[in-house]
Amino acid sequence: GCGGGGAEKQAAQQPAADVIKIGVFEPLTGTNAAGGEMTVEGIKLANQLFPEVNGKKVELVIVDNKSEKQEAANAVERLVSKDKVNVIIGSYSSSLSMAGGPIAKEAGIPVIGCSPTNPAVTLGNDYYFRVCFIDPFQGTVMANYAVEKLGAKTAAIIQDVQQDYSVGLSNYFEKSFKKLTNNDNAIVAKVNYNSGDKDFSSQLTTVKAKNPDVIFAPGNFLECGILVEKARELGINAPILGGDTWEAEEFLSRVKNTKDIYFSTHFDADHPVTEMSNKFMEEYKKAYPGKQVNAFGALGFDTYILALDAIKRAGSADPKAIRDALAATKDFQGATGIITLDANGDATKTAIIKKVVDGKFAYEGKVDPK
Amino acid sequence: MTGEMFLQSLANGISLGSLYALIAIGYTMVYGILRLINFAHADLLMVAAYVAFYGMLVFTMPWWLSFLLAIVVTALLGVTIEKVAYRPLREAPRISVLISAIGVSFLLENLGIVAIGARPKSFPRPEEIVWNIKLGDISFLSLTIIIPLITIVLLVAVTYMVNKTKTGIAMRAVSRDFETASLMAVDVNKVVSTTFVVGSGLAAVGGIMWSLQYPQIDPLMGVFPGLKCFIAAVMGGIGSIPGAMLGGFVLGMGEVFLVALLPELSGYRDAFAFVILIFILLFKPTGILGENVVEKV
Amino acid sequence: MDRQRIKSLLTLGLIVLSCLVLYLGEEYLGKFNTRVLNLAAIFVILGASMNLVLGFTGMFSLGHAGFMCVGAYVSAILTMSPESKEMIYFMEPIISPLDKIHWPLFPAIITAGLVAALFGFLIGFPALRLRDDYLAIATLGFGEIIRIVVTNAISVTNGSLGLKNIPPIKSLWVYWGFAIATIWILKQLINSSWGYAFKAIRDNEIAAEAMGIDIFKHKLLSFTIGAFFAGLAGALMGHLITSVDPTMFRFLFTFQILLIIVLGGLGSLTGSVIAGVLVTVMMEALRFVEQPMNFFGLTIPGIPGMRMVIFSLLLLAVILFYRQGLMGTREFNWDWVLDKLGVGRRKEKGVGVDG
Amino acid sequence: MGRWMKVLKIEDLHVYYGGIHALKGISMEVPENKIVTLVGANGAGKSTTLRAVSGLVPAAGGRITWRGEEITGSKTVDIVKKGITLVPEGRRIFANLTVLENLHMGAYARTDKEEIKKDINKIYEMFPRLREREWQAAGTLSGGEQQMLAIGRALMSRPKLLMMDEPSLGLAPLLVKEVFRIIKEIHSQGMTILLIEQNARAALQVADYGYVLETGRIVLQGPGQELAANAEVQKAYLGRS
Amino acid sequence: MADARKRGSGWMANLPSDSILVTDNISMQFGGLKAVSNLQLNIAPRQIVGLIGPNGAGKTTAFNMITGVYKPTEGRVIFDGHDITGRRPNQITELGIARTFQNIRLFASMTVLENVLLSKHVRLRASLLEAVLGLPRYTRERRQHIEECMALLEQVQLADVAHEKATALPYGKQRRLEIARALATQPKMILLDEPAAGMNPQESLELMEFIADIRERFGLTILMIEHHMEVVMGICEHIVVLDHGETIAKGTPSEIQNNRQVIEAYLGAVDESA
């Protein structure tokens, strides 16, 4: 054994009635550490603002999953069986979420994902929910935007083959784009890279030679920042489109002098979808001065307040009751928009299109779910 | 492939290849002396990048001063690592030293995460050294010219040092037999420290150039160039300094042209690096320019 | 009573005791501890099999993660239900006949090992001509190539989206059963004439060849067996986590195994077992340093990443102060125990024929 | 041997390799300008004695003094700089360096470039084979060639005390004679020599004084000729009964 | 040895058939250096042949060509009617040539007995599966091999240290162990590379007796390289002298001792200690 016995007893002895425990499993070390860190910032902020529910104190139990699946599974097992949490939040990266999902399901503890956009996360798991939209929706939104608003006839795709997020988005973008343009050859180039790559010059040179009307390049802001910057350096002037992960300070700092950068995201400060958006923006700036608001922080924030909302609605801290309340979520006012959870537990909500203007993210339009 | 695309790819290849080569030289140098795959080398790139970053942004030093500072700090760190983590293991099996190197690497990365956070930072590009050059339809950064120049200068300097100077010969002697070298009045510790100063200094230059080229730095930024440049060093024949240079260029050019010629295979780019590596090793089991050390029976 | 007899009885006793421990563990340990122990069993298999290749045969091979990857995918695809597959492969459907296959667990896990062994054989063929660091980087490369191919072969592996709904295995019996069987087989192998041939190759290849040993054949054998058990462990990992994707099997994973065998002692199976359990358990036990702590009313906030910092420091400390690892090349054996207990012995040092 | 100045003095030297007690209290003296030889069966501790003088193994007890100055516990580098050079057992040439570079390594502590050049030429005259192989990597030399290189390399440091550990090992008869001739020659130029040889007969012939070692202890000592005539020595080491 | 009986056809037909080992004009080129050129050896069964010559003459290289470590750049090696040119060392060992090394190469992690036992590995008929499962055929064979090896160690007087670590033995015993290990492969012929190196004259004498003894006991053919003239002249029936890769003399010990070329290149003026 690993000295677990003692800890378990301790957990059991705690006056569980006075606190409600929310477990968080996020990658705080390893390859996904940056994403995990941003998400946890949002969660902690929400916890500071809303430390209580139903008259009980909410306690966060944050565990690192090291960006590894076996650690993620251990982390969730620990949260459910040792820390005895009432509800779980996590995790950045769908792969890590899927490692934890079945364990929570079996233990009957609901989980709310912040940013795992792979449809498989919630498929067949009625205890997994999420506040983000899933890849098919986002991909379709961007294809619509490219064709209808930008008048694109051809597109090139640059995807991160190692990222389910990127591959998924590209896939749905491709399908919709072909349908909308009525042209099976509308995608003139589809090139790949791997997470962690920093040199995209050869992919971009290939794309440049095909001269597409738009480029769709969903992926991490890390790689994409460099990619977009490089594209402009190489003299590629076609609009470049991406997904919600781009809403990050790091991305902006790379692309602030460039034009025609569009992406879908969850909220915009100037066009607040909800009251909560404003509140989040203000508080975030206060809590983390010098850091720019980002989608992951906002999504982390939303998972927490959604969890609290569900507990309130359930009127109890019983995980089963919380699950039922979560499943019934409708028109929840989150920082990232008005969230309704569908039968799969996935969020349907308005997507916002943003654009880079004068070194800032600017509101461009919005797309409501159909 | 159009001529313009070819030229553009050539420029891309030179800029990537020379960067690989620059870092690979540092790897190969330390390997050549200690027969140690210095995993921490990759993390020294990261340390250099952060020191330069903080020097420029927080202490608002001129870029050249903070680069210099980064090189000095990294060199000192490299020497310290050798002293603490490798020196006590001189007599131990080589694999223990390797594990020690991995341990140092983990430590530096995670200390980075704990101390400065995992979120990447944007590395400033001083306008004096980084600007965009356009030649007709081809465009590239000034770094595409600067990095190969630096690489060649350092290559020549290091080659000269190792082959022609007394310290260099002592380094090669030490690489095979500490004890006998000490019987020649060679202060082994000093020679090894010198090696680490030079090797870590090279890592620092590599780290800074890498950050200028791909201006985003995070605590794990060394892992990727670390692996690629190690592959390059092996490809050229690990221990051989011109080999590292060659390996770096072969790898950089190869990767760029693979994607340019066969875009469908771009996802296999990293696999490709290994495929050419393995292919080369099958024909030259010690790399392109590696010394063929046959054990005399 | 003669010593041979005592040893047999002791071995029997140990088997009964382990069964009892497993039984009690299954009943009382709780899910979390069980999961950690199951993971430990997988690391024990990985450590022992890599030790065969690296510690006993002296081949610096770093392709273990790749073989695990093969094993994990084979077993997952063979055992997932057709409905699950249809649901999971939503981007590109899985190719026939894999879509209909639905095997029971046990044969699938063994097949996973066999397929990984086949990969080992095919990779070993060209790679084992290389030596030392060159072998290391080439095998690491093959491991990465496997992973990258798995990432890109979407219609077979579902690419980076990964697989989920893999039939779970929860029982300590299964994981530790496989672990104990692995250890037993490897122990038998290492103490056999073949094992000595492996060690001879490690000690002095030229002399071994001069003694009539076909170096290449034996290296390939050791490598293939290592790959088999890596595949097995990969399959078990899939069934433990119930989902797999290519990013799990990065080369860094191999370093984790390497760390285990060096900590335990290169060339000691006992060491691999001890270190496998120790490292896995410690990774979890160290979590407390990332939790907020309360010292006499002074609350120190948890620092994420601290656990890995401490882990690296511990690792360095062990390597610097126990350079041979915890066990060196020693093995647990009854003679040692009996000597300690002062039970008299006849002069009968066993060689090869296992006692 | 009282009338000579003792440059090297070893008193009650103990050395351990882990649990093995290799030297169990050895005392001996090497006078200036003389050849002293150590004779003994395999594993008697001959090499260990030389290694202890060079500082390659730590002394667990006892004193080693060089011209009245204690060098026990000094670093090898400092001992070599004082003029004590060891030709190690098993040649230990630098396999990856050329013959010439090996010779330069021998002169590592020296800075007199011109003299070094001259000395290299002298070595080449002593061993013409080395000149032929000047640019060859030393690792591919034959056993005998490597031995010549090892001796030549040691001479390059212009030692005051030259310790040689089995210099004739594996050499052809002609070369064995050559080695002994060289030993005599460098001795005649004023060098002090401490010699280990399996070829005890030849060693005792050239030696002024000898010590016989058995399992870490000195069991017999005396002038070379005297020892060579000793019946015990003859029986045990010279192959005559 | 010039008695060339016709056997089959082709080039092999011209070779003397009463020889167990024939090297038919083998040469070895290393880059620009011809380490051995046109070496012709014809060795009759049960002969003890000495291969001598100055350092770097190419003796060890000749051994390496015979035992398959190097593939001769020219010429053929015929052993016991088989053309073994370019075969792997282990195949050659299986055919019956065993060797020792100039610099001792024992298996450092193993005991004396295990070192010797290893040579029996290729003789094992039981399969890997049988070994892992500990089935009777394997255990029986293994036990038998252990007995054989113990008997061998008995004969070479190493039985008392059978369970010691091989590398902990004194030098002389390590040399003897190397020979014992070679003998355990049940060779027809054994090649010894400087077996007396590092031995004092007394030990060399004992070694000579030992070598003569194993020749009788195992019916071996022996080819040895040695620089100790008392050993070479004492037991070799035939001697071949190399210099700079060329064969400069062949003959009986007394012929060789008086050969002017050999004296000049190798022996030096008459040596009172030889």
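First chain written, first letter: the chains are A, B, C, D and E, and each begins at residue 1.
Convention: contacts are C-beta pairs under 8 Å (C-beta built on N, C-alpha and C of every residue); 3 or more make two chains touch, one makes a residue touch a chain.
Model, not experiment: these values are computed from the prediction.
Q: What are the chains that subunit A and subunit B both touch?
A: C
Q: With a step meaning a move to a chain it touches, how many steps does the shortest path from subunit B to subunit D take?
A: The distance in steps between these two chains is 1.
Q: With contacts defined as at the top, give the pair, C-E or D-E, that has more of them.
A: C-E is joined by more C-beta pairs in contact.
Q: Specify the chain most distant from subunit D by Cα centroid.
A: Here the answer is chain A, farthest from subunit D.
Q: Using mean CA coordinates as chain centres, what's the subunit A-subunit E distance in Å?
A: 73
Q: Just the number, please: Cα centre separation of subunit B and subunit C in whole Å.
A: Chain centroid spacing, subunit B to subunit C, equals 32 Å.
Q: Could you please state the distance in Å, as a whole number, between where the Cα atoms of subunit B are centred and where those of subunit E are centred?
A: 48
Q: Show the residues in subunit A shared as contacts by 2 or more other chains, in ascending order.
A: Counting only residues that touch two or more other chains, subunit A contributes 28-29, 31, 33, 37, 161, 192, 194.
Q: Which residues does subunit E have that touch at least 2 chains other than itself?
A: Those would be 60, 69, 101-102.
Q: Considering subunit D alone, which of its residues make contact with at least two other chains?
A: 140
Q: Which stretch or stretches of subunit C touch subunit A in the complex?
A: Its residues touching subunit A are 29-33, 35-37, 39, 84, 87-88, 90-91, 148, 151-152, 154, 159-162, 164-165, 168, 237, 240-248, 281, 283-285, 287, 290-291, 302, 304-305, 307-308.
Q: Okay, in this complex, where on subunit C does subunit B touch?
A: 54, 60, 126-127, 129-131, 133-134, 136-138, 140-142, 144-145, 148-149, 151-152, 206, 251, 255, 258-259, 262-263, 266, 303-306, 308-309, 311-313, 315-316, 319-320, 323-325
Q: Within their complex, state which residues of subunit C touch subunit E.
A: 185, 188-189, 192-194, 196-197, 199-200, 202-204, 206-215, 221, 267, 329, 349, 351-354
Q: Touching residues of subunit A toward subunit B in the complex: what are they?
A: Its residues touching subunit B are 28-31, 33-34, 36-38, 161, 189-194, 196-199, 201-203, 205-206, 208-209, 222, 225-226, 233-235, 250, 253-254.
Q: In the complex formed with subunit E, which residues of subunit D make contact?
A: 41-43, 90, 129, 140-145, 147, 166, 169-177, 198-202, 235-239
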